[in-house]
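Below, subunit A partners subunit B and then partners subunit C, in two separate complexes.
Right after this comes the complex of A and B.
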């Protein structure tokens, strides 16, 4: 049966854009403004030892090495940290604001480039992290609710926030 | 003749319409091994698969199967799908078995009617039939040490009818970039192409296995294999074939589409009992070849 001509337009139609979901939600500067308003902040890169990287991994299970070049100290207390975790296809870039008491002030998704799972950027899901400290379990399905159909993104962001809070506990809170 | 042509045109058009209204299928990092990556609830995916088996004992043999699939997430852990299947068989003096050939070599193999076991080439392409699929993910490998799922796929075709059952087992490591998958598989087959109303009943028992690593954003590479067994009858009545296949896979995925290319090679094969007609040169032929290639493309639709 010569069905190829019928398939050709179908294939073309099938490859037509059907909904480009990739999103850059906020720039780093916009996220800083959202979390800390006009409070001055200074870039304060941290260089972690191998042992500290291992401790972050043990606490969070995130296997990617933490890049300490995107850490800001907020005047009056508090920290702003940009981090990346593994997404379904690409990395998910997010920011964590930590208040002067070492608790999560807010988290923001900066860049998300996946087919599904955009609910991780919803305020209703992100607000679960507010007030959590390094001593919080931060486990998906325990103190953080999973998003059905976006389990991988939900888990990795949850693990990532745990890693940032562990970084605060290990390093940042000791910085003068 | 005009009537046949009209029927063919209608069927092709129907296939086209079906595909045009279809969506896409779950992302597969392997060509043959199935993972527990399912469509989220309410999401559609369209997948097109081209599967070519190339080369048998001698001569030429190409078995190309095309599958156009639409997947849908009924829930986040329950997925259904429908397929339209097309097949092309090109066979020419590819068999050496005296049980099959009156004169060696002869034209034979899966899809070639027994009456055509001569020195003449055999070529045929057609829309073969349809399949359905249901997958239930019992545990998710992202949140459990071992993800477990059940898979069932009935097929109706002109060449054969099948009932396929798989157990899907998957473990993820390194932020879910490294995955290991096992698919124990049972398939009951009713082959109908032999001619003269002859029916061949088979049971296939396979173990498919694979490992894949996401080595860069969007890109994964892996290896997958198949430990294959065939038996006469629907319930493993008589063991007839064993073969081993292995090869590499490469996978690219982005937000709007994904694609996977896999090559696997038959490294050994043996036949037993009535199956010896399908073996020569230390390989199993039948619907197998020296090499098999799969290209899959998936497109999320909503």
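Right after this comes the complex of A and C.
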């Protein structure tokens, strides 16, 4: 075990404005490969009526309208659906694989976009940097990789998967 | 091209993230030295996520069919044999209970059920004076409770899951990786990685230095207060999984204090954060006995 405290903050704005940090895990193609191997799939966009959107909302409490352009039909049975959920500080793009029987096969996070401010842990260090924020913009995205702290709830994803399963029941399973 | 993509290409880092244990499990394999082919990486990821799912299935309080729920349902009447992993977590729990003079006590599950923070699966009437001292760990992975009680392995099970995922990666030939289960994380390999801590509101990040070959866990005392009658005054019960109960007073800890522990394993790191959060102060020598470093942010 080897831990080193943050003694020399590099390029840190003490009270940086809220920034956004996107973590990209898998592309759509990579997620398709992870879930269904090399099984061919075809893009099969769905157009939902206002009524159907209401039913998805009621079943999942996700208020964002479902975008039906990211739905793929897998040869030999099954579906691959990309969807998005929005939380207080985050927007998550995720993929759900549905097997031929209509059950969830896999869930993968494709992209996690998070917004936050930034501060240095120790007040005595902080003082040195007050007012220097503009000269030393924090490079978000490159160095912030491993974030501990308040546990993020995956409840939004649970709700999102509920709505994808509702989409399956309402629409996909009736597609020939 | 996003900055992440550039970093990933230069450093050859492969990431996956899946929802598990009520949070997000993020696994990053760093194969800059190029020892793994695509199939190796895929198998390593699959094995690591399978280990996480296995621990979750065994030790979930929410799942009435888990090993833990089976134990809670029957162990006050007769000996119950549990999975070796469940037993292993109980051994850690006993060590923490004994070393902390009872500050770390997994029998607060009963209190959380009473407060409506955990689901009620059985007709549990936890004896009011029950503690982890009433949990007997017998030979051959058998467990018995000396009086009615209800265990909740909560955070240490999550920490243990991270440790098993690291084991799985190592046994698949991975030399450098980070497993982060919604804030409980462990670094495999001697390459130091930067660590940041998300604050209590989830709105700011705090620089917490770098870590190699070790685990980092953070415990934030809850974002709500609960009075002794157990009625939460919080607007949102979603924050309840952060609840820490002080076993001495059987009260939910109310201070908003953010503490972290650096330790060799994630199960220890997570367990020790509870002690630090309840105690609210550091005794460096006490933590050093676990080869751990406490941090109060």
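Everything below uses one rule, namely that the second predicted complex is superposed on the first by the 115 of 176 C-alpha atoms of A that agree within 3 Å, B and C clash if a C-alpha of one lies under 4 Å from a C-alpha of the other, contacts with A are read in each partner's own complex, and residues count from 1 in each chain.
We take it that contacts are C-beta pairs under 8 Å (C-beta built on N, C-alpha and C of every residue); 3 or more make two chains touch, one makes a residue touch a chain.
Keep in mind it's a predicted model, so treat the numbers as computed, not measured.
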Open item on the list: Is A:69 touching anything from subunit B or subunit C once the two structures are fitted on A? First, second, both or neither.
Closed with: neither
TODO: Once the structures are superposed on A, label A:108 by its partner contacts, choosing first (subunit B), second (subunit C), both or neither.
DONE: second
Open item on the list: Once chain A of both complexes is superposed, is A:24 in touch with subunit B (first), subunit C (second), both, or neither?
Closed with: second
Open item on the list: Output check: A:148 vs subunit B and subunit C. Expected answer is one of first, second, both, neither. What do you get?
Closed with: both
Open item on the list: Once chain A of both complexes is superposed, is A:88 in touch with subunit B (first), subunit C (second), both, or neither?
Closed with: both
Open item on the list: Residues of subunit A that sit at the subunit B interface in one complex and at the subunit C interface in the other, please.
Closed with: 1-3, 5-7, 9, 18, 22, 88-89, 116-117, 140-141, 146, 148-152, 155
TODO: Can you check the complex and tell me which residues of subunit B touch subunit A?
DONE: 8, 11-13, 15-16, 19-20, 22, 24, 40-41, 43, 46, 48, 68, 73, 75-76, 86, 125-127, 140, 142-143, 174-177, 214, 217-218, 253-258, 299-302
TODO: Could you please specify the touching residues of subunit A with respect to subunit C in the complex?
DONE: 1-7, 9, 12, 18, 22-26, 34, 88-89, 107-109, 112, 116-121, 139-155, 157-158
Task: Of all residues in subunit A, those that touch subunit B in their complex - done: 1-3, 5-7, 9-11, 13-15, 17-22, 61-64, 85-86, 88-91, 113-117, 140-141, 146, 148-152, 155-156
Task: Complex interface listing, subunit C residues touching subunit A - done: 2-8, 15-20, 22-24, 26, 28, 42, 178, 180, 182-185, 187, 190, 192-218, 220, 238, 241-242, 258, 260, 262-264, 291, 293, 297
